[in-house]
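Shown below is the structure under consideration.
Think of it as A, B, C and D in the order they're written, each chain with its own count starting at 1.
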Amino acid sequence: MIINAGIVGFRGYSGAELQRILARHPKVETFLIEHRADSSGRPQPMGASGPERISCTPEAIQAAGIRVVFLATPPEVSIELAPPLLDRGIRVIDLSGAFRLKTVENYRRWYRAEHPAADWLARAVYGLPEFYRSEVGSAALLSNPGCYPTAANLAIRPLAASGLLDLDAGLICDAKSGVSGAGRKPSLKTHFCEVTENFSAYSVLDHRHVPEVLMNSGLEEAQFSFTAHLLPIDRGILETIYFRAPRVKDAEQLHALYRDAYHSEPFVRLYAPGVMPDVRAVQHTNFCDIGLDFDPATGRGVAVAVIDNLVKGAAGQAIQNMNLMFGYPETEALL
Amino acid sequence: MIINAGIVGFRGYSGAELQRILARHPKVETFLIEHRADSSGRPQPMGASGPERISCTPEAIQAAGIRVVFLATPPEVSIELAPPLLDRGIRVIDLSGAFRLKTVENYRRWYRAEHPAADWLARAVYGLPEFYRSEVGSAALLSNPGCYPTAANLAIRPLAASGLLDLDAGLICDAKSGVSGAGRKPSLKTHFCEVTENFSAYSVLDHRHVPEVLMNSGLEEAQFSFTAHLLPIDRGILETIYFRAPRVKDAEQLHALYRDAYHSEPFVRLYAPGVMPDVRAVQHTNFCDIGLDFDPATGRGVAVAVIDNLVKGAAGQAIQNMNLMFGYPETEALL
Amino acid sequence: MIINAGIVGFRGYSGAELQRILARHPKVETFLIEHRADSSGRPQPMGASGPERISCTPEAIQAAGIRVVFLATPPEVSIELAPPLLDRGIRVIDLSGAFRLKTVENYRRWYRAEHPAADWLARAVYGLPEFYRSEVGSAALLSNPGCYPTAANLAIRPLAASGLLDLDAGLICDAKSGVSGAGRKPSLKTHFCEVTENFSAYSVLDHRHVPEVLMNSGLEEAQFSFTAHLLPIDRGILETIYFRAPRVKDAEQLHALYRDAYHSEPFVRLYAPGVMPDVRAVQHTNFCDIGLDFDPATGRGVAVAVIDNLVKGAAGQAIQNMNLMFGYPETEALL
Amino acid sequence: MIINAGIVGFRGYSGAELQRILARHPKVETFLIEHRADSSGRPQPMGASGPERISCTPEAIQAAGIRVVFLATPPEVSIELAPPLLDRGIRVIDLSGAFRLKTVENYRRWYRAEHPAADWLARAVYGLPEFYRSEVGSAALLSNPGCYPTAANLAIRPLAASGLLDLDAGLICDAKSGVSGAGRKPSLKTHFCEVTENFSAYSVLDHRHVPEVLMNSGLEEAQFSFTAHLLPIDRGILETIYFRAPRVKDAEQLHALYRDAYHSEPFVRLYAPGVMPDVRAVQHTNFCDIGLDFDPATGRGVAVAVIDNLVKGAAGQAIQNMNLMFGYPETEALL
């Protein structure tokens, strides 16, 4: 069975990546939904046709027989667009942060705004398939995880679940992201001359992706430090995670925790103890690669996780979720 | 009084930077000392004369009336070149790691080799002027600090000295450096195509710069984690330092510790609490810029320190040391 | 029918690209041929298997049932490896410059060496499918064009063939290439710090790719200027081509020449007159994109051609040739 | 004598560069003039004082005793700000294109607008000191050349003046510039992700810098082709210039033309025949470096010129002009 899928925000970086991946999906017919807030396109060869374009109204979307809409839009746009589509029975995969937190209290605290669709906030499924595969399948509103939390959650959970972590020492996540994570809208922060040959920390001790890590790892706020940094690269995230685990015997024991957790996961790859993945290893793929090392003498360890922020951190994971929602093989179009 | 100064390794990145800075020093006449192991130069305009060149023998160096030699050379070359110069009363500023550690035991452990000049190892002065200004002045053999430890030591010491640190939680230093820190010798690691649009961790839980931090901060090995990363930029280091300090009241109290420590230092600059420096702020300068933030609710804080690895992390600091050794104003040629 | 194909030099940039593309080719089983001169690999996830590896002897290659060998090797290695394979009836696709020129005289002049396999030089087929599709199909030894000439030839031929060019004014090709074109072997020229934030011309008025353009365009040496430049990017070539064509009426007439030449080509795409492709448009694809503009007032025109030097300029074109040689659809694995 | 100088647009890239260079000028006291259209600044260390700030009215500027104002502003702002300052006897150095062309006809053609201050257009002095040193000294309104034409004019003039050029073949200037030439205002064109690992041509056959080359070289429009390209670097311009000169005997004869023209110029440096400068050679300097090569067999030659677009292409040249206007040594603060 082939379904019709629509993309709002198809000229943004996540939207363009959705379009690229869906183009090779044998079970999906893509529609580009023109939204006023979208940015301008790129020069095209003559005769390039591409998917059909429709306008961004619930009626037009329904009339096109669209079964699922990807919202690659800012949170405020997603909050406005999702409910009327959902009311018509069209499933929504939202790539923004609009529906990631579970409660209005949390949303108010971290996004500093009231959530205008509290009922949908409660019903949204958090689309990290490695943790919530069964819920994803039946989701009406699927909230795609943030790019930073995707890497952090996958890198932290086996350790956090093991009970071996020294919770007082806490867990430090030093995260570095390429510029495409900031979106395609021009700003001084993303100006080439401000970024090239530069490197900077931002959102120190205050980053809206923290609660997504807490709610998936069971860590409390006092046990977790997160700092984001801007890398002078287009795409890719690398997170270096520091912890104390005094009862862990050696790197091999640590490694076994992760093998047990992920051995059957198609998109999580482990490296031998002491070998660390780099960003290049996952660019343009839906993989999350994880390396681990541990020093028994000090009881301190390090995990390094890498993803492509536009694939496993956005469009790829969204399509992985879509595959689960429509009963397709989970890896379709993603390997 | 004008002195003659020589540079060995003047075509490497640190050596070229020494040459650039010394060219504007009113009290120094520079000599380039040709060493067999040096790399090849760059295309030059016609008529560019540049400093006089001499050969790399103690006799030739003495005959040129050279009072101080900068060794911008690998450790094994520095160990070979320094003693005969010192024996002739020529002062040596070594930019390699050859003489940074105080004991042969430490050297053996971290550099995995025997030190062939143990007496000079013991007599070398560690040239971090902010900590050891008085010893620097009278040094015969000055060992210039590593680039990573320079930033880490300046960022850590006021806090470590305050007794406010939670030593069990320990202190995490997540360090990122530009490629010039790896030197000018070509290798796969520094190949443009391996570095651009990439980012990687290296020397995880095992980095020879760690002991330089321990010996200057009073921290023990189990209390300190250090990971190095390779940034796709030419020059610059940013280190993000994480700690718990439960008895600290607020960011302002933390900030005051640093103001007290550095208010009269010409090359350490503080930012307002919560404001973080980026690499751009210090490129091509001898400054170390430090930003601080602290969350009283969790007792966790972050310090960010940036330097130019070729200036405050190498050539600039070497000349700052030279200024102190010869009684020149400390900032001469460096502001 | 599925064939066995081998790659020599699979860790180099072209070789890795061959491996990536062949992995999705449904009619090819890939073998990696270990050659002493190959560079070292990259960190791998555990359990990554990859293609079978065999040793680089004609016997082992024949024993593995290999029908075609890709030589992603320096010319001197290709010259040594190709003949014994060909003698055994194994077809060879050589990505080096070893067999691109037709005569030993030309080879001596531009490569400054004697060609030790003159008979194979004469029998090699120049693998630019857009020009020599029928010869390619029956080639035993296929010489894959250089990256610079591929773009230049495709951009120049319709105009050169039209007779509209002012041959006295001649044709200027200003070519810019990413660093991967220089190969993976480390050198000062490809050191990150020498390339980033830099840009340079090289091989001015003397570049061994010139004769490949002359022999395909009919231009004489005095009518053609070529200069290569090194872009601080990983992959991609852009060539800006300048010409006078006083009898051309307008950009539309010029454009029609190209439409006629390429309308049925699967890998050549034209842009509307005045619209120019950028390198991004073709990265990781086998396309050559061409933009054209013309000023009737001055009789001067410009063509801009872009390719990915590792795909249409190397591995992609090699596989396009392989498809033709074995009767597969020309675009298999390449769209 | 020390003069007061003001900068409008001091947060833009040219303005920041003016500020940096003037900070080391012993004869200038700098004032920063706050203009509504300026962009936002960068994080600063505490206690950083910097120059005095004044508001952007003719009265305030006059009251501060300012003798010369640098306008690092868009043309439309310069056209508005310059006349009232000039009327008060304050000299103006304009870095925009507002006053570069000599006639309203030319301005209309290339800038596609009417010039509202035609009298000042006629009286402005074109500030390329190597060609117009004597006029510069007495200028009230100094129009600083564009970055592209500065390199092109210096590279072309000795040849164009020699009468040896084949004017029918014409002269081709293939120009490549770093992104800072596009200014600090964010746009999609300067977004990091659109520029990194990319390269593109723009303003093909239609670039407003062309007339500045024609008016200084004596070339006619039909004899000159110019195409601009965007390099993924922060700062620097490299122009590759192609020509036929059938009566030139060899590269040495060509070289002699340039030596004669520039031997006493402090900011023009020549390379030996066949040696080409790269962008790195001039970054952060006021030099224009020129390399030349010539092939007697074909009568074709190439010149390569490099400048830093923010220094010799903007702020540095503006200060070189200021030095001449106020009788200071021409190289003051620029070597």
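Couple of notes before you dig in:
Following the convention adopted for this analysis, a contact is a pair of C-beta atoms (placed from the backbone, for glycine too) under 8 Å apart; a residue touches a chain by one contact, two chains touch by 3 or more.
Computed from a predicted model, the values in this text were never measured in an experiment.
Separation of chain B from chain C in touch steps, taking the shortest path, is 1. Of all residue numbers that take part in the contact between chain A and chain D, over half occur on both sides, making this a same-residue interface. The greatest centre-to-centre gap from chain B, using C-alpha centroids, is found for C.
Look at where the CA atoms of chain C average out and do the same for chain D: the two points lie 39 Å apart.
Note on chain placement: the centre of chain A and the centre of chain D lie 46 Å apart, centres being C-alpha means.
Chain centres here are Cα averages; for chain A and chain C they lie 38 Å apart.
Multi-chain contact residues of chain C (touching two or more other chains) are listed as 178, 194, 196-197, 232-235, 276, 278, 280. Interface residues of chain D facing chain B in the complex, by the touch rule stated above, are 42-48, 196-197, 269-272, 275-278, 280-281, 284, 287, 289.
Contact residues of chain B toward chain A in the complex are 168-170, 172, 174, 176, 178, 194, 196-202, 204-205, 221-222, 225, 227, 229, 231-236, 238, 240, 242, 244, 274, 276, 278-280, 283, 291, 293-295, 297-302, 304.
Across the complex, chain D meets chain A through its residues 13, 39-40, 178-180, 184, 186-188, 190-193, 195-197, 232-235.
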